[in-house]
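The structure appears right after this line, and notes come after that.
By written order: A, B, C, D and E. Residues from 1 in each chain.
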Amino acid sequence: MDALLLQILNGLDKGSAYALIALGLTLIFGTLGVVNFAHGALFMIGAFCAVTLQKILSLSSTTLDPTKTDFLGNPAKIETPYVESWFGPEIGAALIDWSVPLGILFAIPIMISIGFIMERGLIKHFYKRPHADQILVTFGLAIVLQEVIKHFYGANPIPTPAPDAFRGSFDFGSMLGFDPNVIIYPYWRLVYFFFSVLIIGGVFAFLQFTTFGMVVRAGMADRETVGLLGINIDKRFTIMFGIAAAVAGLAGVMYTPINSPNYHMGMDFLVLSFVVVVVGGMGSLPGAVLAGFMLGILESFASMNQIKAIFPGIDQIIIYLVAILILLTRPRGLMGRKGVMED
Amino acid sequence: MNALPKNANHASTAPAYFSVWDLHAYYGESYIVQGVSFNVHEGEILALLGRNGAGKTSTLRAIARLDNPSLTHGEIWLDHERLHTMKSHEAAVAGMALVPEDRRIIAGLTVEENLQLAQIVEPVGWSLERIYDLFPRMGERRKQEGVTLSGGEQQMLAIARALARDIKVLLLDEPYEGLAPVIVDEIEKTLNVIKEQGITTVIVEQNAIRALNLADRSVILDTGTVVFDGTAKEVLDNAELRAEYLAI
Amino acid sequence: FTNEPTGGSVTLGFNVPQSGPYADEGADELRAYELAVEHLNGGGDGGMMPTFSSQVLDGTGILGKKVEYVTGDTQTKSDAARASARSMIEKDGAIMITGGSSSGVAIAVQGLCQEAGVIFMAGLTHSNDTTGKDKKANGFRHFFNGYMSGAALAPVLAARYGTDRTAYHLTADYTWGWTQEESIAAATEALGWSTVDKVRTPLAATDFSSYIAPVLNSGADVLVLNHYGGNMVNSLTNAVQFGLRDKQVNGKNFEIVVPLYSRLMARGAGENVKGILGSTNWHWSLQDEGSKAFVRSFGQKYGFPPSQAAHTVYCQTLLYADAVTRAGSFNPCAVGEALEGYEFDGLGNGPTLYRADDHQCFKDVLVVQGKENPENEFDLLEVVEVTPAAQVTYPADHPMFAGGNLGECNPGA
Amino acid sequence: MLGLENKDTKFLLVVVALTLCTPIILQPFPEGSSLAQFNAGYPDLMQRFAIFGIFAIGFNILFGLTGYLSFGHAAFLGVGSYSTVWMFKLLSYNVLPGLVLAVITSGIFALFIGYISLRRSGIYFSILTLAFAQMSFNLAYSVLTPITNGETGLQVYTDDPQYLMGEGALTTTHVFGLAMNKSLIVPIGGWEFNFNVGYYFCAIIAILAFYLSLRIFRSPFGLMLRAVKSNQQRMNYTGLNSRPYTLAAFVISGMYAGLAGGLLASMDPLAGAERMQWTASGEVVIMTILGGAGTLMGPVLGAGFIKYFENIFSKINDNVLHGWFSFLPDGIEDFFINIVNPFFGEGWHLTLGLLFMCVVIFLPGGLMEGGQRILNLLKRKSKDTADDDSAHHPKQSPHVAE
Amino acid sequence: MGILEIKGVGKRFGGLQALGDVNLSVEENSVHAIIGPNGAGKSTLLNCLIGKLIPDTGSVMFDGQSVLGRAPHEINQMGISRVFQTPEIFGDLTVFENMLIPCFAKRDGAYRLHAFETIPAEKEIVEKAEAMLEDVNMQDKIHMHAASLSRGDKRRLEMAMCLVQEPKLLLLDEPTAGMARADTNNTIDLLKEINAKRDITMAIIEHDMHVVFSLAERITVLAQGTPLVEDTPENIKGHPKVMEAYLGQTQQ
């Protein structure tokens, strides 16, 4: 029982990562009809926004300390971050400590502009092209973005810790009356979970309670006719793309304390998020979210020793297995709409 | 105010309200619209006729500033505004409306949403109530998905959608196609209502007699060029002309 | 023999990961190779050449032939690595292939070199199999292996954490992970520890939370992470996130062990490595003459200290050149013979033996710990103990290494 | 001839001639010149051209004709490789039994996966195939290690049974005693041409594979496959069951992939699990689109293009760059090297990514279209649409009212 | 007994009863017209015949066998072809290739692979396809991509594709909509000829009364999902109920 509860909790935060990435992907899929293989790269760039902000905040002035030597025997350098010399050591240190949450503010304008540039410069020429072409061009873009990041940040993961206040974990089990140490849960993962619920809710509300969503959906079904009704659909597509990029980016920013970001983290998530989107059903936002959480939780269950003992290696394939079963029993995934991406 | 096109018009000396001059348009490399010109006065109905493949649809699409066929040469003026430099959504704001030949009801949206979509951008025309008055069946089906309507219902919805905007010129591509005779009567009545409102209309129709009865003037196309431009009555009276280009 | 150098130069093939997760290690290896070539050709300060016990290298290349090199990308995939190595052999006429940053790749390329008849000097490969069941006459390994990690680490663990510990293993689910898990478990169990569970984690896993969460409840008080690279960074980060290190189990502090450390990877885990024990092949803070010379030479050229990967491949390049010179021939069989059973000193890690039976190198192994107060960004690990070579030496027919055989040396065509 | 129309026969002959002369064509620069770096006429790469050509040709039968985008074809490549290596381990180094088994097992595998996946279409189909392939990859990498030798890849060991191995038989792969790694090296002037047995073995099979696909493209079967792509509804209402057609195409292309996998193992007897990873499946998709999906030659070109970059560009390191720019004064030399450096050597991915983008953006029909344009420019004839390949070039369906 | 017997067929879409209780019998070799206001359920009825929809109630017998529960291609193989209201053709193929496909389907059944024949070698089929294209006056568009045909031409192509199959029952859903008058007349002649010469039964939906009255031997008028009257053309013309529900007053 406690083991199950534990894995449900773990699944929830894994699921919130999947759901959040899949949400951005399906926004573009479902509304613009574009298969965006660069979505993982956007997630990665979001994460690197946090890294960059951390680097900027820790930019330092260097002084030489003759009492110490570095590995070559030269006098050692002492670095003091500028923020500390400007705002005083305490505020400065706090700023650096809070660089991930601050990264959200930093990432929003950057991601939206990247989304705009990407859509205007590239994607818009591909609305009418076959999906295969879209895949190839966005895949090319993903490689380019990755390599650029690798060029500047290297291939190794870069530690980007959460603020001190959110480090560590709390004993969730003992709150519920279980034995101590049975169900522990890191603070930051809780933050991530609530954050993703917030973003998902926000996006839903935006598309549900504004005409914007309807227009974009209509534009995907038939751009030409929407244009005939006086609507400048291009502009709205651009905005949509910006939003999707921002969602992906924010997912990335918040993910950095969970796992240190590296340049190919996007590719690691890409295939999985496609599976999530498709299992959820093409073009369905609730479907993507549902599938994200479902697969996250199932994956957690599959990693339990008791289950691995019965089916060795099940945790390696569970997601794909579930995807196959769902697609075979439900033709369009969990909540897919008819006719979307079926050809 | 903008200057008027150089070749004023054939039929009258007053400056035309809606004027198309020397349009040339291509689908990729195939040259389809080969220099079409005509004028329509305010409140007038023009019947654009011709055989299958004559280029009627292509002409309307070029006028509506859709991407395909691409307009390579020519001018389009509506109420002193130059449509030929606009994109389709700008032309729509300028008062141009096209009811396309396959109706183009938007999948995934209900009847009502299809109509609401037309009213997102100013200027807005008829209110939903007024539309449902004219087309009671649309009111009954307002929550049904638009594409599941029957052919005739879809045609009504397409016309209704055009009226939901405040338009200056209405381009109708085969509005009677696939409609029951009663409905054709009904739509014809609607078109007469529209005519009374003073909305300038261009109608493309295979049912030439009906179109000509409704229209004031007529232009006949053949292989992308204008072969006749005159009053509707002239066509109705000229059996030779009808036999040659319209086979009626 | 294959690719016998005829002109005034000889070509070596440096096959390193340039893309994928180990690209930074690959880049560091390449730097070391370039440095080695420079030194062999008489440039720079000679690096470890003056400290090397064998003094036959004189800075005029190898056997008087100028050393040239070609590079390729292994992509950390056995297929791609073999393709790249084949093109070096077939197109560029490379006479020796070296490099790599994972055991799968090393074993695959070693097999290829055996078939093609060139010498293979393995780079980073820590699996027992490389010189165990997959050993080849044409292949040599300078790096240490899983068994040695266990043998070096276990006594330190026992000394620090006591002998009545209960360990929980999380293991990357592929051959390297398994051999390391086996080695560490065997070494710690020999000192009285027990192992509650060994859990395999999927290769593609990025989030280890669901594997880590049950650890505390399992009765274990030590978590052993048999992970490398990105897996290691993530599993360690997750483990610390879950607060494992702040917990008390069985009345003892909960501990985490990362048997195979690499400084480059440790950097990715940031603060989380502090105080965590592991083993490593070499570290730049070593104070013997060879290491100091190498760090100086590398540091002056590139501005930062070399990694263990850089050290390994630098040594191997020198060793190969030395063996050729001593043999007086580029013939792989002659070179192999010169390397087999060769004992030397002065390349860091103290006196070293290339054992003839399995072509494994035996030298001191370092037990290291994440440093609590690093002085600079390279100062992440501190050496806790230098385990003497004798303590990590095992018989050539040790069961963990059984099954393969070297075969005949193959000089190619 | 050979059941082909005249035009196609000519086309086939050109392909045959090009294939046979590959060792010469790919070696345009004299040895020792600074451009020799760009020569690709060495056995490994030439073999790869032929093998991945086969893989892409097969993939194109499915994707180019029916439009079903499989993201799991690498699984068949892997299955083919494993089967072949197992034959080496059990029988002998003769490649023929291995290749036969590779085609059979991959065919059976494809029948199974295809039967299930083809119940869905569009992206749902793609994800089903992807899921199967990823499952195969993950299992091959870990749980199935006894069969696949996991991470390292399946190899032949000296203590393998090799029941049919005679005394003194070759210990490298061969066909009836003709070793695959044998080469005839012909130096002419500054050039050096490498005529390799393995390459010609692959090349002949590739030509057969190409001929077969040509026949399929021109056959009623090929027409039906294109009809599936165009309008499956209409097909059903015309009395045709599209499933057997798509399944046949799927199995055929799976067998091509298996054959390619078998050949890979025959040229280099190791079967790595990465061959089954989604990136490998993605690679063949990219090859096909890059070259021009639905054209006959396009996929082969695309395969060559990618393999060339992977093998040649990744090897251009700083050292080589210095060699190129050494004629410049030092400061300027460094400046140039700093500019081009990110694109070569370890930056080859970046160059490849940029090229993908350029090709798709500027040549919507892939490299084939580029070739067509150049040809048209050369001919300066107004479009002669009935050109060899363009007849089956998928025209984008026009987006007009229909 | 007619060749097509529809008994008690009903179909609901959510809250909408699209077909009520349709009983209809089509005599072999006759031309039977179904007319009715828009939304009466005519196309829905055809959809039930060809396996696109499965009716909620009732039975459909064709040639003594039930069609319900069969896949579309099986129904077609029984001898039913349909021309759709919006043309369904193979847009990516040329006009000629469009014609080949029904020819193969006719000859080989639901599938046969033919992977190693070439198309020109199939002389008979090629000739048959060409002859049919000539019949519908499309011989000069033989190499055009079907997607770039004008709307009227697409209709003619689709009709040719159905006719070349020589079905026992041909279902025509507004075959002349949007067709120029001259072509409409040609089509009427063509259909008449085919009906006479090849013994093809036809069920035709059409709003153009000229077409209906020139072709049909019997007419069923459908309104709101139920048959209103079934009679000969002469009787239908003056039928007051039909006038009110469908023809309107202005019909000449």
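Here is the rule we use: contacts are C-beta pairs under 8 Å (C-beta built on N, C-alpha and C of every residue); 3 or more make two chains touch, one makes a residue touch a chain.
The structure displayed is predicted, hence computed values, not measured ones.
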item	value
Result of counting contacting C-beta pairs for C-D and A-B, higher pair	C-D
Most remote chain, CA-based centroid, reference being subunit E	C
Approximate Å spacing (C-alpha centroids) for the pair subunit D, subunit E	46
Whole-Å gap between the CA centroids of subunit C and subunit D	35
For subunit B paired with subunit E, centre-to-centre distance based on mean C-alpha positions, whole Å	30
Shared-contact residues (touching 2 or more other chains) in subunit A	224, 313, 316
Sites on subunit D at which at least two other chains make contact	138, 141-143, 349, 398-399, 401-402
Multi-partner residues of subunit C (each touching 2 or more other chains)	23, 27, 173, 200, 202-204
Residue numbers on subunit B that touch subunit E, as the complex places them	27, 30, 50-53, 57, 101-102, 137, 144, 148-153, 155, 174, 177-185, 206, 208, 246-248
Residue numbers on subunit A that touch subunit D, as the complex places them	35, 122, 125, 128-133, 135-137, 139-144, 146-148, 151, 224, 271, 274-275, 278-279, 282, 312-313, 316-317, 319-321, 323-324, 327-328, 331-333, 336, 341-343
Touching residues (chain side subunit B, partner subunit A) in the complex	64, 66-67, 87-90, 92-93, 97-98, 100, 104, 106-109, 113, 116-118, 120-121, 161, 165
Parts of subunit A lying in touch with subunit C, wherever the complex brings them together	2-3, 6-7, 9-11, 13-14, 17, 68, 70-72, 76-77, 150, 154-161, 167-169, 179, 181-184, 186, 188-189, 257-260, 262, 264-265, 268-269, 299-300, 303-305, 308, 313, 315-316
Subunit D - residues contacting subunit C, complex	39, 42-45, 48, 138, 141-143, 145, 150-153, 155, 157-159, 172, 181, 194, 264, 268-270, 272, 274-275, 310-311, 314-315, 317-319, 345-346, 348-349
